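Chains here go by letter, A, B, C and D, matching the order in which they are written, and residues are numbered from 1 within each.
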Amino acid sequence: MAGSTRLPRYAYLGPAGTFTEAALRQIAGPDEAQYLPMVDVVSSLEAVRSGRADFAVVPIENSVEGGVTATLDTLATGQPLVLLREVLVPVTFVLAGRAGTELADVTRVSTHPHAWAQCRRWFNANLPAAMHVPATSTAAAAALLAETPPDHDPGFDAVLVAPLSAELYALEVLADHVADNETAVTRFVVVGLPGELPAPTGSDKTSLVVHLPSNEAGALLEMLEQFAARGVNLSRIESRPLGDLLGRYSFSIDAEGHLAEERVAEALIGLHRVCPHVRFLGSYPRADGAATNASPGTADADFEGARRWVESLRAGSTPT
Amino acid sequence: MAGSTRLPRYAYLGPAGTFTEAALRQIAGPDEAQYLPMVDVVSSLEAVRSGRADFAVVPIENSVEGGVTATLDTLATGQPLVLLREVLVPVTFVLAGRAGTELADVTRVSTHPHAWAQCRRWFNANLPAAMHVPATSTAAAAALLAETPPDHDPGFDAVLVAPLSAELYALEVLADHVADNETAVTRFVVVGLPGELPAPTGSDKTSLVVHLPSNEAGALLEMLEQFAARGVNLSRIESRPLGDLLGRYSFSIDAEGHLAEERVAEALIGLHRVCPHVRFLGSYPRADGAATNASPGTADADFEGARRWVESLRAGSTPT
Amino acid sequence: MAGSTRLPRYAYLGPAGTFTEAALRQIAGPDEAQYLPMVDVVSSLEAVRSGRADFAVVPIENSVEGGVTATLDTLATGQPLVLLREVLVPVTFVLAGRAGTELADVTRVSTHPHAWAQCRRWFNANLPAAMHVPATSTAAAAALLAETPPDHDPGFDAVLVAPLSAELYALEVLADHVADNETAVTRFVVVGLPGELPAPTGSDKTSLVVHLPSNEAGALLEMLEQFAARGVNLSRIESRPLGDLLGRYSFSIDAEGHLAEERVAEALIGLHRVCPHVRFLGSYPRADGAATNASPGTADADFEGARRWVESLRAGSTPT
Amino acid sequence: MAGSTRLPRYAYLGPAGTFTEAALRQIAGPDEAQYLPMVDVVSSLEAVRSGRADFAVVPIENSVEGGVTATLDTLATGQPLVLLREVLVPVTFVLAGRAGTELADVTRVSTHPHAWAQCRRWFNANLPAAMHVPATSTAAAAALLAETPPDHDPGFDAVLVAPLSAELYALEVLADHVADNETAVTRFVVVGLPGELPAPTGSDKTSLVVHLPSNEAGALLEMLEQFAARGVNLSRIESRPLGDLLGRYSFSIDAEGHLAEERVAEALIGLHRVCPHVRFLGSYPRADGAATNASPGTADADFEGARRWVESLRAGSTPT
């Protein structure tokens, strides 16, 4: 890299071959970005906070397992970070081993616990004797297998990994399409420091963390009412314990629309007034490109017209 | 009154001695204003629209009979008028007749139908044989009795009127404290053309007419939600048929607070967006002087703080 | 009429020729019933309470003027009465006078205040000099005109009445189709003592009077929620002051459906628990024959299935 | 064990020394029950389904990490199981190693990922160089360390475990009170086959799994309304993806109260009607002994009174 241009630096859960790397490749090819593999999600996000990376690519939600706790919790507190983009990566595993391994001989399978969770039923049906050997990432398991001398036991017989890993580490695929759910997909987000918001596209999401004023059902209804009163639909809502007491919750929310839109801004103004804590995690384009649902009376022009009307009333005219 | 100053002209339901005149006297004494007696509420309000009067004083709600239909309906359509002030007048009747009339001889009682309605039980208990002879106002009945020559039958034996009427028309009081409900009170309002709003006092009302998007229970819930989401309490809500079809309604609403307050302005912005028709009928001081109920997070400062927060988010900073 | 059979006795607002009589004729012809004309709505209803009549036919709602206060209030308190049926009568007036009266000469018009209110705009446009002379019913005005000797002044020049009245009292029609609203209609109800409910037809209404626990917007929302949680739609909701204090209201409600239906019964159970007062005013067929709107999951079978499910859970099985 | 009595068999996440065993000891001492250690939560629950165990003790919620996914998901589908009791276990860790290990030398720490997650900040502050070596349970890490010959490297330097584990496996405590949150607590539940429900105590919980009819905010509001309309408060609500599509959710709910109580039964009847799927997971005493919050009008007597009232209305009497 010559001259004044520096390639953007992306922190991600490494090593090479993880699903996260597959997500990163959708965003910026290896020749368009510096890849900074990290040991975990928290380290990836902290790299952005500390300035060692410009962006982090991290998983935030899995269609089978739900929200990724480490990501949600790291974003929810500490120095502010914002989401800038999302990408979807289908979750397909292969079971891979050293050359010569027979599927029937596999009893110890190393992989990340989330991967194991997503294939439990497959193993019950196909390899009921298989036991799980936890690894810090699917690719780490593949790397360890590839690096262990052939005459040493790495502690397991096979790895459950992304197809890319098997390829990168030259492992033999013992079974492919290993998954309990063929349509499983993981959502990854690009995270950066706060700055100019991505421009609204008409197909956007706004992510938030909201604490409730109390732990009553009524408080949740009241919070949802702030969205409903402005016609803002939610595409995701997940409770997370606040960690101080059992029964107190924070809500991780994806609302349809962009902060630049009036109805989203108004909903946030309402939340800020009635909730003890609201953290804005960004407005960014949806990966699926679906247009935002907007009920009648909730377009920007409706808000502007209504505001002009109230202004004229305040000024003493009664235009009705 | 010398020189260029003209006393303000007040239209009201006459003739002299009506409850409406009693209300008017609370607002402006006979030496501070020109009193313009009118034949009915509609004429009083039209006098303001046509410029013949500066203000009208009209009854808007009775604690026993409810909203005054003619007032509510005339305000709800046609050239805009606004409420500027309210006053409360206790409803106490006397039964009065010509000198020499015996209470036991009274069988025909002339009065306005609303007055009759408010004393039905008293008559059932005390003068069960009495029949109602309708009049256009309580004072009109008194005036007719006073003006009828002693040897002519005015068509009734006694009148049910305000104490002031009996005094003004020199009638003999046959029974006082005639009322089914000793605490009954009528609310009158001063109505004028739109102009500068009365200053907020911390004890204000905002009156509105709102049409619903449909006749479903859900539509009413949605409308109320616009108030609830901003913590605005309602002190009165009355349905009125729209007149085009059975089952379609308009709502006459008094909300606590002043349009100059953010939470009221925001609620109106919301209503304007989601309801097919909203008419603002003014923000004005409450007669009872009770302070507005305001739940936490709904002060002007809360709205301003929340708006600044959203503005800063839009500008790319994340202050939380 | 021979033997043991007695014709049912119907009390109604007389005299002959009122709109109420027109409603009664839709229900039972003069040879099928005894007609008992009464001086007002309250007397009609009291005749049922005292046993002098089997039924009363009274107006309950007008598409222009709204709920009929005297009817609603008399039903809301005192000895229980129930609605058994409803009929709709179009509101069309004629202006009628003695033979030889010229329309242009009419300046004094006698009629019931509600009739006057519904033709105000017509008079403003066609007879702007006309003044209102109140009568206790439209037919009473017609009767008085017919009974006054030709050389006496009844106090007015013409009457505003139902076409039937002009015919019955042999008056000359000076103008017909007198109305501000050509589609106006009045809803009448047949009222009786509580007893076996009319059978459900699939097109029914249930009428109620409900007091709110407090005068806050939240209380109204909570009350509406009891209907919404069972998918019961409201076809009419009107507030009426409780009469003790300004700002406290009772609600007069027509809900879609019949008490024999589970979702209506459940909504009433909920109201009875959370509201300080609920009065049931009957379940009866709708005049318009429209089928009840029922959202998914609110049929009787859904309630029965859900209840059996909960019973089985309580018994220790978990059928899911 | 002689004679006809067999000690109840409890499956739990082993090996000896886990937090789950600490929970089990609160429920039944080693001489009152057969302890059946299992490799994971799913196996523990399946042991009850298959009849190999009478009960399972499994973690269901952690005050820091939230719901335990494997437990919630296994309970949510498959053969029905119910919760019978809950117990709380404070989460306190020790860092332990072989005799002679120095805290400063520790760079590789083996433990269960959840334990690691709950001590991340402690390690950042005290042993920033420490890396995580995943284990299937905290106790498994301790056992492996204890069983590895002194001259072999188990692959890590220390274990992060419950105090009980360090004691059981005779390890040296290098640091105690290791935790990011001193008040952290894990909630465990006793799970069995459906049968007679535990008797209501006035301090009970009812656990449910509820699917929403659609993924809109309105659907969530509607579901919460079924609780609110009966005054049932929620002590926990967590969304879980349905696994078929991103954005579709199931809700895991703890409601206050017992199915034997009317308001809870009614809420379930409502949910069963309007939600595509509801699974009852039991009514059982709360560990904290707090009395159920019950708003006015929601006692069993209120429901019974309201039901009798509706029954009498249906029978034709009007008791109001």
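By our rule, contacts are C-beta pairs under 8 Å (C-beta built on N, C-alpha and C of every residue); 3 or more make two chains touch, one makes a residue touch a chain.
Small disclaimer: the values here were computed from a predicted structure and weren't measured.
Both subunit A and subunit D are touched by no common chain. Note: centroid distance subunit A to subunit B, computed from Cα atoms, is 58 Å. Centre-to-centre separation between subunit A and subunit C, using Cα means, comes to 60 Å.
Within subunit C, the positions touching two or more other chains are listed as 225, 228. If you sketch which chains touch which, the chains form one closed loop in which each chain touches exactly two neighbours. Counting only pairs that meet the touch rule, the chains in contact are A-B, A-D, B-C, C-D. Every residue of subunit B that touches subunit A in the complex is listed here, in rising order: 80, 82, 194-197, 225-226, 228-231, 259-260, 265-266, 268-270, 272-274, 277-280, 296-298, 302-303, 305-307, 309-310, 313-314, 316-318, 320.
Across the interface of their complex, subunit C is touched by residues 39, 42, 61-66, 69-70, 88, 113, 117, 120, 131-132, 134-136, 155, 181, 183-185, 187, 215-218, 220-221, 224-225, 227-228, 232-241, 243-247, 249 of subunit B.
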